[in-house]
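Provided herewith is a single structure, encoded as C-alpha cells, for subsequent inquiry.
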Amino acid sequence: MVLKSESAHATDPDDDTRRSLLRHMLVVRGLDEEAHRLQKQGSIDLWASCQGQEAAQVGSALAVGPDPAVFPSYREHAVALLRGVAPDELMAQWAGRTFCGWDPHRVRFFPYTLVLAAQTLHAVGYSIGQRLQGREDFVVVYIGDGATSEGDMSEAMNLAAVESASVLFVCQNNGWAISKPAEEQMRTSLAERARGFGIASARLPGDDPEAVFSACARAAAHIRGERAPYLVEIQVGRIQGHTTSDAQEAYRTPDDLARTRAADPVTAYAARLSDRGLVDSAWLDGVDAEVREMRELLVKEYA
Amino acid sequence: MVLKSESAHATDPDDDTRRSLLRHMLVVRGLDEEAHRLQKQGSIDLWASCQGQEAAQVGSALAVGPDPAVFPSYREHAVALLRGVAPDELMAQWAGRTFCGWDPHRVRFFPYTLVLAAQTLHAVGYSIGQRLQGREDFVVVYIGDGATSEGDMSEAMNLAAVESASVLFVCQNNGWAISKPAEEQMRTSLAERARGFGIASARLPGDDPEAVFSACARAAAHIRGERAPYLVEIQVGRIQGHTTSDAQEAYRTPDDLARTRAADPVTAYAARLSDRGLVDSAWLDGVDAEVREMRELLVKEYA
Amino acid sequence: MSTVRSTGLAESINATLADLLDSDPRLLLLGEDIGRLGGVFRVTRDLQRRFGADRVRDSLLAESTIIGQAVGMAISGLVPVCEIQFDGFSYPAVNQLVTQAARIGGRWNGRVSPSLVVRIPTGGGFRGVEHHNESNEALFARYPGISVACPSTGEDADQILRHAVTLGSPVVMYEPIRLYWRRSAPARDPEPARSPSAARIVRRGTDLTVATFGAITHEVLEAAHALAPDVDVEVVDLRWVAPIDMNTVLESVARTGRLLVVHEASKDLGIGAEIAASVAEHGFDALRGPVRRLAPDRRTYPPANFEKDYLIGVQEIKDEVLVMTK
Amino acid sequence: MSTVRSTGLAESINATLADLLDSDPRLLLLGEDIGRLGGVFRVTRDLQRRFGADRVRDSLLAESTIIGQAVGMAISGLVPVCEIQFDGFSYPAVNQLVTQAARIGGRWNGRVSPSLVVRIPTGGGFRGVEHHNESNEALFARYPGISVACPSTGEDADQILRHAVTLGSPVVMYEPIRLYWRRSAPARDPEPARSPSAARIVRRGTDLTVATFGAITHEVLEAAHALAPDVDVEVVDLRWVAPIDMNTVLESVARTGRLLVVHEASKDLGIGAEIAASVAEHGFDALRGPVRRLAPDRRTYPPANFEKDYLIGVQEIKDEVLVMTK
C-alpha cells in the first residue's frame, strides 16, 4: 500500500482509502489478539491493547500521510504498523528485548514514551527545530485522556500555540486512565481546553474511520495552511484492560464493558464495507491470510 | 479599619469602602517607595515592587473580605498590609532575616512562594482540605502572567475545576515576566484559558480599584454560590523593574515606561476621590502622616 | 538456610493504612488508581469501599498535583498519605516535594508541622518495562527536611508508617515491588530496633558488617545464612536512609572491622556512598581493610531480558564477602 | 598569598557561546530572559542582537518546557544550549532531564546522539533570597546518561562547553553565581588537564589532597596558599562531578596519603560522599588517616543573615587541614 499525502484527498476518503482503512484495522486487530495470546502464555511480559481505538489510529495516520514525524504514546500500534514498523519489531519491547524495536528515523514513527505526556513537548520542540532548519515541520503527537492532566501537556499546548508550531495533537479519549474515568479527570473536553490555549480543535466520535480520516485531513490542511497547531479529540472505547496487567472488571460494570465491545469499530467497519460492496469475501480472506502469516511469524519469533 | 465580608457589598463599593481602597493604596505605595530607598542604600537586599498593581491588589483583597486564606505569589504587599501584616514584618524576608516575617495563621495571608506557580496547587489542596473538615473553604491565590506557563498552574486549574473547589485565582497580568512580554507568553488570555478548563472567568483592566472590587465581589459571590472556582485576570502596569535587581530600561522602550507611569492607579484614584469630594486634604494629610510614621518605623528597624 | 513464612508487604501495608484511617480522622489517602482499583499493586484494596471516596481519593493523573495539593491539605490540618504509582514517575513531583513539602515547616517558622507521607513502589526484578524498575531512594535522601524510609518487611513498614504520620515533616517510603506478594523470607534475629527511626541488626555476626536496606536485604540475609558458619556476617537493615542511623553502623563496624554496603540502586552517589564515606571518616580506625560497595554500575536499568546482569544476586554478595574476608 | 587578575566567568562564557554560535549553525540558546535582557546575570548579553531571536530564544516561563522542547530540537539535529535561571528552579525540569534527555539516546538504540547542554547558575554567598542559593550538582550526577560539570574558572568553562556540545548526550554545567563578576582569583599551577573531561591539579603539594570543585575552589586555594610552607596542600579541581575523574584523585592520594573533600552543597549524599567512598574502597592502603568531608550539615540554606554560618570559609578549610595533618 502506498500512503497518500492528505492533499490528495482533502475531504472524504476514496474507495481505495476505505479499503486501506479497513485492512490496517484488521491487521492490527490480529496483532493485538496475538499479543494477548503470547502474553497469556508468558511469551511476552506485557501488552497495552489498542482494541477499540483502531479507527482513530488508522484514520488519523492515513489522513496525515507519510511525511509528518509521529510522536506516539505507547498504544498506537495501528499507526506503527501503518508506518512500516514490522510486527516483530513492534513486539520486541514488550518482550523485554529493547526499549524500541524499530528504526525511528526510517519510519518517522518515534519510540513509545512511557512517561506520560513527556512526548508532547518533544513533538513541539521537534517541529520548531525542523522549521528552523527549513525542513518538514508537520508533526503528529498522540496522547491519552488521562495523560492530559500532566503539566507537560498544558505546557506543550501553550508552547505550540505561542510558537504557532505545525503540530497535530491527537488525543485518544478512551474514557479511562487505568481506573479513573475521563469525566473525573477533566471538567470540560480536551478540545475546549485546547481552544483556551489558542489551539483550534475538533471533537469527534472514533468509531468511524472515515469520519476520523476526514476530520484529520481537515486538521492537517489547517496546520499546513495556517502553520499553526490543531487538536483532535477522538472518543473511543477501550475494549481490553489498560494493559494485560489490568483486570478492568474490578472497576467497570458488565454493562459498560458489553456496550464497549458491542461498539467494536473493526467489526462495524468490516460489515459496513461489505454491505456497501466495497470488499468481498475474497478480499477479506486475503487480509485474513495476511494476518495469519503475521501471527505465525510472531509465534515463531516470540513463543 | 474593619474588613467587611463581600456579602455586605455585593456590587459597588460604598463611600467608606472607596476611602478604604484609596487609603490602602496610598499606604502600600509609601511602603514600596521606602523599600526602594532602603534597598538602594543597602539596608535590604532586594525588593519586588507592587507599584502599578495596587488597585488590583487592594480591590481584590477588600472584595473577598477577611475570611478566605490568601496564597500570595511574592508581590502582593498591598494584600499583606490590608490583611494586617505589619510593615516591618513584611520587610523582614527582603532583609535576609527570615523566609516569612509574619504569622500566616493570624492574618490568613500565607508565606510568599518564590518558586513560581507552586502555591496554586497548595491553594486548591488547602481549599479541599478545609471543605473536607467542614471549615471555610474559600481561598484566594495570586499568580503573575509569566508564572501561568508553569505546568503547576494548569494542573491547579484542572484540579480546581474537577473538584469544584472554592478557589479564586487572581492573575495580575502586569505584561511582563521579567523581560518577556505577556503577549509572547500566551496566545490567548488567562481568562480564556481558565474557561477551557471549565473555570468561570473575567478579564478586566486593573487601573480602577472600584472596578476590581466589583468584579471580585461578583467572583466571590459566584464561588460561594456555586461552590466552584473563578479566575479574574487583571491587567495592570508594572511601574518598576521586575525587582530592584532588574534594570527594565534594557528591554522596555522609554515610551512604554512613560505610558505605564502616566497610568499610575494610585495618583489617578487619589485625584478621582478628591474630585468627587470623597476625600479632602485633611484626610489625605492624615494618610500622609500614617505613611510617614510607617516609613520612620521601617527606617528605624532596617536602615 | 532457614526461611520463614511472612505476610506479603502489600497486605501488611494495607492493614496498617486501614488501621490509621480508622484511628485518625485527619488521615487520608491520595494517589492514582488507589480507590476504585485499590492501586495497581492492590496495596489500598478495599479501602475506598471501607472509608469512602473523600478519604481514599483517586487523584488526577499528575504527580505534581498529588504532592502540591497534599501540601495544601497538610497546611489545613489533614495528614495526606500519597502514593506515586511507580518510582520512575516520581520526577514530576520533585519540585513540590523538595522546594515546598520539605521546606514549608521552616518557611512558616515552625507554625505548621505538616505530616505528609509519600509511598513509592520501587525497584526491579519482575521484568518490568522501561521506567518501572527504578530505585530512587537517594534522590530525596539528599534533601534536608525530607526523611526517607526503605522497609524490607511488613512489620517494619508498619512501624515506619505509624511513625511517619506523626513526624510533622514529609516522609517518603519506598516499598519494594517484588516484596509486595512474596510470602517467605530468610529468618531474622528477633532483636527489636532501638526506636522507630533506628536501623535494625537483623543478623548478628562477627566477621563483617553488611549495611543494606529494602528488598535486597533478603538476598543479603540469604547469602549470610549460606556463608555461615565459615564466615559470620552481621547484617544491618538500615530501614531509614535519611537520616541514616550511622551509630548502629559504626558500632557494628567497630565490632567486625569490615564494611560492605549492598543496594539495588546504582552505585554512584547512592546511599552506599554516604555510608562508606561516613565510616571512612568516623570508623576509620576500626577498619581492617577497604570498605566496599556492591551495587550496579552507573548505567540505565536495562530491558527485562538483561536485568539479571544488572541486579545484584545472592552469589555476588557471597563472592564479595569472601573476597573481603579471605 | 598570590592573587591574579582574571576575566569574570560571565564574560568568558559569553565569549565562548558567541564563538560556538558563530561556528556551528546547529547551535542555539534557549532560556528565560536570555535574549532581550541577556539573562538575569547578563551571561548571554548581546547574543540575541548578534545572532537573532531564532537562535537566542527567550523561552516560555516553564523549565519543563525548556528541556522538553530541547529534547525535540536535539532529535531534529540541533544542539540546544539551555539556561535554567537559578539552580533552585531546576526541579520542574528534572523529569524531562532524567527520564527523557538522559535516556533518549539509549531508547533510540544509538540512532540519535542528542547533544544538549543545560547551564545552571548555582551556589550562594551573595545574600540571595530563598531558593536562589542552591547547590544541586549531586542531583543530576546520580543519573547515568547525564554528565555534570562544575567549572571554577572561565578557561575551564570554555573547555567544558566546547566539549559538551559535541558529546552526543546531555551535559549539565553549574556556573557559580558569585564568580560571574569576580575579577581576581588565587594563583593556580599552570599544569594542563589530561583531557577536557579530566580533573586538574591546580596546586601541587605533598602533605594532603583536597578534592574540590566550583566556586569554593578559590577558598581552598586561598587556604592552601596561606598554609604553605608549613603544610603543603595539593588541590584537585575536579571540574566534572559526573563522571568523576577518580584516577587523578586516587593518584594524588597515593602521593599525599590524606584526603579532604570540600564542597558548598550540603554534605549528605553530596559529591564528597562519592569521592570519600571511592577512596575508602580503592585508595584505602594509601590512607594515613581518616578521609574527611568539609561541607554544610544537612539543613536548608538559611536566610541571608545566616549564610555566613552555613557556608564553608577559608578559615574552616585551614582548620580542617591542620587537624588532619597535625
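So that you can tell them apart, the chains are marked A, B, C and D in the order they are listed, and the count of residues begins at 1 in each.
Just so it is clear, contacts are C-beta pairs under 8 Å (C-beta built on N, C-alpha and C of every residue); 3 or more make two chains touch, one makes a residue touch a chain.
Here the structure is a predicted model, which means the values were calculated and not measured.
Asker: According to the touch definition, list the chains common to the neighbour sets of chain C and chain D.
Answerer: Neighbours common to chain C and chain D are A, B.
Asker: Give the chain pair, either B-D or B-C, that is connected by more C-beta contacts.
Answerer: Between B-C and B-D, the larger count of C-beta pairs in contact belongs to B-C.
Asker: With chain centres defined as C-alpha means, what is the inter-centre distance between chain A and chain B in Å?
Answerer: 45
Asker: Just curious, how far off is chain C from chain A if you go by their C-alpha centres, in Å?
Answerer: 38
Asker: Two-or-more-chain contact residues of chain A, please, as numbers and ranges.
Answerer: Answer for chain A, listing residues that touch two or more other chains: 98-99, 115, 149-152, 155, 158, 162, 184-185.
Asker: Spell out, as numbers or ranges, the residues of chain D touching 2 or more other chains.
Answerer: 60, 62, 64-65, 88, 91-92, 95, 99, 103, 106-107, 130-131
Asker: Which of line, ring, star, complete and other names the graph you get from chains that touch?
Answerer: Contact map by chain: complete.
Asker: If you look only at chain B, which of its residues touch chain D in the complex?
Answerer: Contacts found on chain B: 45-46, 93-99, 114-116, 146-147, 149-152, 177-180, 184-185, 245-246, 250-251.
Asker: Enumerate the contact residues on chain A facing chain D in the complex.
Answerer: These residues of chain A touch chain D: 98-100, 103-105, 110-111, 113, 115, 118, 120-130, 132-133, 135, 151-152, 155-156, 158-159, 162.
Asker: Help me check something: in the complex, which residues belonging to chain A touch chain B?
Answerer: 149-152, 154-155, 158, 161-162, 184-188, 192-199
Asker: Which positions of chain D touch chain A when the two form their complex?
Answerer: 28, 54, 60, 62, 64-65, 68-78, 92, 95-96, 99-100, 103, 106-109, 111-112
Asker: Considering only the defined contacts, which chain D positions touch chain C in the complex?
Answerer: By the definition above, chain D touches chain C via 88, 91-92, 94-95, 98-99, 102-103, 106-107, 130-131, 138-139, 141-142, 144-145, 242-243, 266, 268-277, 279-282, 284-285, 287, 289-293, 298-300.
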